[in-house]
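Note that the chains are named A, B, C and D in the order they appear, and that numbering of residues resets to 1 at the start of each chain.
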């Protein structure tokens, strides 16, 4: 169990800044997900925490002890962190059981105990009976699970996951999510969990750090991220929010404002102190939009409708403002298809806080 | 453009059967997804089609020409199939642009033309400006995208994808899905697309083959799979259907039967000729279940509620039959939590066809 | 005490020599290092450089090398040595080294060869063009000795080697290689040391050996005491043994021509045959040998 | 910092220091001692020696020739070794195991023996050619005595070295990288040219550098074939200087040695430059590629391989065997006269021969084992922790191998003639000085392949062990060694085979009781007893075959691919 403080960490590769002034403070025992688009620096952050990358500026403290800093750099093996690598990094010369039991062997755990814990870990990831296989003879998902078991078996005090579920199918993923949640509850381990799957992040994490191009954009609870995204990037990234331009008509009262959006006047949630003004941006979720059958609302042209099992994802453009794009989910019974025109009514939404920079 | 016929293909590794009597018939230009849990043999099937694995029995025909069969085995290079590997398989000694342009280079495409097409392909996968990077300096998702561009650039007549989007974030994934759909529409290429993500499969494929432990269980359109799963495995695998025991009370009329489920009498969809009887199984989707506020329906105990952005995934057990598990999604405004008791009403569902084997 | 012997004698001979010596001097333990003459010289050069020469006595192929060591003041003079019966010129006038036997170099040829050369001049005959080998003087002390002796001789001189070169002679690495070449017929004519050819013949190899009437060149396989020895007494005993009748008889048994003619002649030497030894001025040869070798090297390579 | 962390740190530092110390001891110390002879010569002035050596025409002729045969011999060895490795490693030829086994054995047979076998088979006395009526006229000049002959023999001698390194690299290729190209519709040749060869570039470069150094430093072949052809190279020039043994000989020899070192170092610098330009790390965990089907070409390719084996192994070995079974060299061979008496002699009557077998097998095995043990951490430092120091270490390891054996032996003599200071141990005149020289000389044979192995390894595998808490020593033992083992052990095999038949080093360093096989063979040859020499050679080959077969029994317990002759 260990807290983790990341303060102003910057990491440069040549003159490319993969991490820019990243600051995060994890409580002891917290489960934090790091979420962000591909290439935003998630893996780099994780490698910096683990000690594989020397950072260019800032400090990283585990349990109050400085691990990386301007003058010192503790080697990875003395940081007592567990890690599951994105590309598995299984040892090809060892059997599954040997891979999983390695940390115990290094830690000089007695053989019987070791075998028991390896067996348990393999059971956990549903690989019982595969003990003697070599990694090369496993399927992609099976390899991922071995990597998982290998990390979990040593019960480290800080665990880093780099997209551990990326190659698993939905069910195994759900099962593993539950496993992680249980593991976390049981052990109270501090966990940094990297993923690009927001559902996964939301399901698991106490707090989520959303990253973009090397920066942490927002660090908040899942509900907050969903309901109160800090900017358009987060709004869009989390649950694919629709970001539309709007004019705020009234100043905030009780966390609400009146605003005009797509030609409709609606009441929206906003942050405290939101001033009125034009040029604001609003984040809408699928449930903030309803198809109006009475002809009210704004007319949109559907350009694509993709079936997604029980519902469809709709891409549409307001007839009046074809440069705007709306992507939202619709129940299957509507059977909307590309080329249809439908009327939409906005029934809620969140006004994005004004960007301090502009 | 090419049709693909797979007939009774079996593949053994030692005495382990990775593929068991697999038969699939793809029309010219069809987009077929192969869906199934980890280790079910998807990659093996794909490798057999590409010609990397000699099959143990059966035949594989591309465009009517026997490629793999009892007596012959065309080498991969003369099958004209494109392939994107699960582990990327980028050539570490080549830059991104060289990787992508490889097929054109060996195909003696003129330099200017080649550069243009490489540029286009990189643009397609959103990697413009990364031409000179080495694969080792790319993030996981970026590598995946290079692999994608490399395959697409040669415009082969049959394209095999092995979980091409597994490492991409949701947005890039959505963008790439659109790209695939467009690419497919534009070129009419026959595509075999392996994934464990059913949403992806449904969004893209004309038909989906669901595999389990080396067998093809069902080969049907996405809507069919969702609405009329062939057995409990498919029902469960596709969109996480709830499979519950039921008694069919009446014989099928107009595709419908009356049945008793969780103590409730309901009208369910069924296949033609469904006989009445006990011991049937029913597949329910989230929208087949409503929370009844009037006290009607069956009482269930919620054991887990996981927030998933705008809604929660609920795990619950009927109070009367605690051995059954129901997993379904609920809108967020209900704020159900573990320990709650709620009443559920079944309002629809699909009776799984009786297993011919039993 | 302990005595360290560096020798270039063939392995079996070296063993027998030591055995016989110890039979006479049971209290002396002899350590032997056996190798080619040039290896021994390399080893000693390193030992000198490190300031720790190891050998007490030397028994190496030729006097020229001994002269070299003597010039570096490495050899102990042993004026009391009993040289009676030893041929003139087989030992150093300053008594620093003493020839132990005569190893002559003559002409060997394959028994099946069409021509039977009898004289040195025969080797320049066109009938056997391109079929002649000799050991390179750069690797064989005996050959170097032959080279310098011939060059110094007015009747032969460089002209002889130029003729040989014109007749296609090749130099190979060592007498062993010449023997193989001649015995296998690969090059049926060669310049070779006597005992090697004659011992092989005795075993059945298809090889013949002649002592050309112009005279053969003989190296003496001298024995010497190192100045740095810490066991002078035993070292002197060793020299005494080599020069004694017993030691000379041993050389005879091993198939060599002993330095002391009085102990007898080897079986292979036809009764009454005269071996004419080419006159050799060791001092002159020592002075000339480096230049001769390098000139030879330029002519024949190797 | 935790106690465990401190332990790790200390053990890491200890390891690094130990490696540096070993290199210092094995390479820098003897080379430095030699150099001291130039700086402060015992006899004469350094400047005089320098100007004499550098102004001699022979010095530059020899240097030029050394360069030439170095380059050409390497080219031939590369072509042979790579072609064989590709054929064996990537195609479906049958009898791979046996072939690999047979192809590495010629390392044991002295090149002179091979040359002589060829000379006899294709020369005027050849029974075969005589039968066919094709025998060249008696005494006609043999084409092997020439630069081309030297290059040919160098190529044959070092082909197996290249082969072992390339084969180790080929084992590591994940099949997807090849398949990705195949599915682009590319022919096999193109796949080979554009994917496979580039991916094994580190191995190609490493093998080229090593065989270049081997060719430049080889003494036996140019001595045997060059002398008759009037063709001088630096090692033979050095030998001649030594045979002259003038007072300033060591100084001159050292100067010439420096010339060889410069040539050899040029090779390493080039290697270093090439191998750092690109990235060859293979990250995927995957099965090795399926063999390419040769189809109807298969019998032809197999026949070609068989011919190669006949030429480089069967022929010389037959010649050896026949020589070892006749009473006198050159005697017409009739079946009834064949005898095992020579074997009986060397095994029972000749006390030194059995001892030499024990010594040489022991020395070779221990030297190979030590080199493997040292090469793994040393390769780790050189490939993964590059800094100025590792570069110096990298260069200095190469030197003892590049120099002619006799020079290294002299260096060892200079160092150990007096008891080791402080310890007071005398290793001169014991077997240990030979072991020291073998380790110094052959270390690079294990190190180069190991470094190549590192260049192909994904560091993530080590990192995974780091987070498991494994310190450097533990990682080296449990993760890194097994992963680079195929490459390293290929090097170990090279060392074992090369050391078994080693002569030039032990010729100066042996003492009674510590004879080596090379010394015994050389003694017999010098005394004109070729038949005994042949018998010893044949026994060596047979014993080695038995040993190699013996390791096959162990193969099940070893990680995959560590025995080059096993899949």
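In this section, a contact is a pair of C-beta atoms (placed from the backbone, for glycine too) under 8 Å apart; a residue touches a chain by one contact, two chains touch by 3 or more.
All of these numbers come straight from a predicted model, not from anything done at the bench.
Q: Ranking chain pairs by how many C-beta pairs touch, which one is first?
A: C-D
Q: Among all other chains, pick the one whose mean CA position is farthest from the mean CA position of subunit B.
A: C
Q: Find the geometric centre of each of subunit A and subunit B from their Cα atoms only, then give the gap between the two centres in Å, rounded to an integer.
A: Chain centres of subunit A and subunit B, defined by C-alpha means, are spaced 23 Å apart.
Q: Centroid from C-alpha atoms only, then distance subunit B to subunit C, rounded to Å. What do you get?
A: 89
Q: Just curious, how far off is subunit D from subunit C if you go by their C-alpha centres, in Å?
A: Using C-alpha averages as centres, the distance is 35 Å.
Q: Touching at least two other chains at once: which residues of subunit A meet that condition?
A: Where subunit A meets two or more other chains at a single residue, that happens at 87, 137.
Q: Do you know which subunit C residues sit against two or more other chains?
A: As it turns out, subunit C has no residue touching two or more other chains.
Q: Residues of subunit D that contact two or more other chains, please.
A: 283-284, 286
Q: Would you mind giving me the full set of chain pairs in touch?
A: A-B, A-D, B-D, C-D
Q: So in the complex, which bits of subunit D are touching subunit B?
A: Touch residues, subunit D against subunit B: 174-177, 179-188, 190-191, 194-195, 198-199, 201, 278-284, 286, 290, 293.
Q: Which part of subunit D faces subunit A closely enough to touch in the complex?
A: Residues 1-2, 4-5, 8-9, 12, 283-287, 458, 460-461, 463-471, 474, 478-479, 482-483, 485, 559-560.
Q: Could you list, by residue number, the parts of subunit C that touch subunit D in their complex?
A: 10-13, 31-39, 41-52, 54, 65, 68, 72, 110, 113-114, 128-133, 136, 138-139, 168, 170-177, 179-180, 182-188, 196, 199-200, 203-207, 290, 293-294, 297, 299-302
Q: Mind pulling up the subunit D residues that touch subunit C in the complex?
A: My answer: residues 37, 42-43, 58, 116, 119-120, 123-125, 138-142, 145, 223-224, 226-232, 236, 239-240, 242-247, 249-250, 327-332, 352, 406, 409-410, 413-414, 417-418, 428-429, 507-508, 510-512, 519-520, 522-530.
Q: Would you pull the subunit B residues touching subunit D in the complex into a rising list?
A: Those residues of subunit B that touch subunit D are 50, 52, 75-83, 85, 87-89, 91-94, 102-103, 105-107, 134-136, 147, 150, 154, 156, 160.
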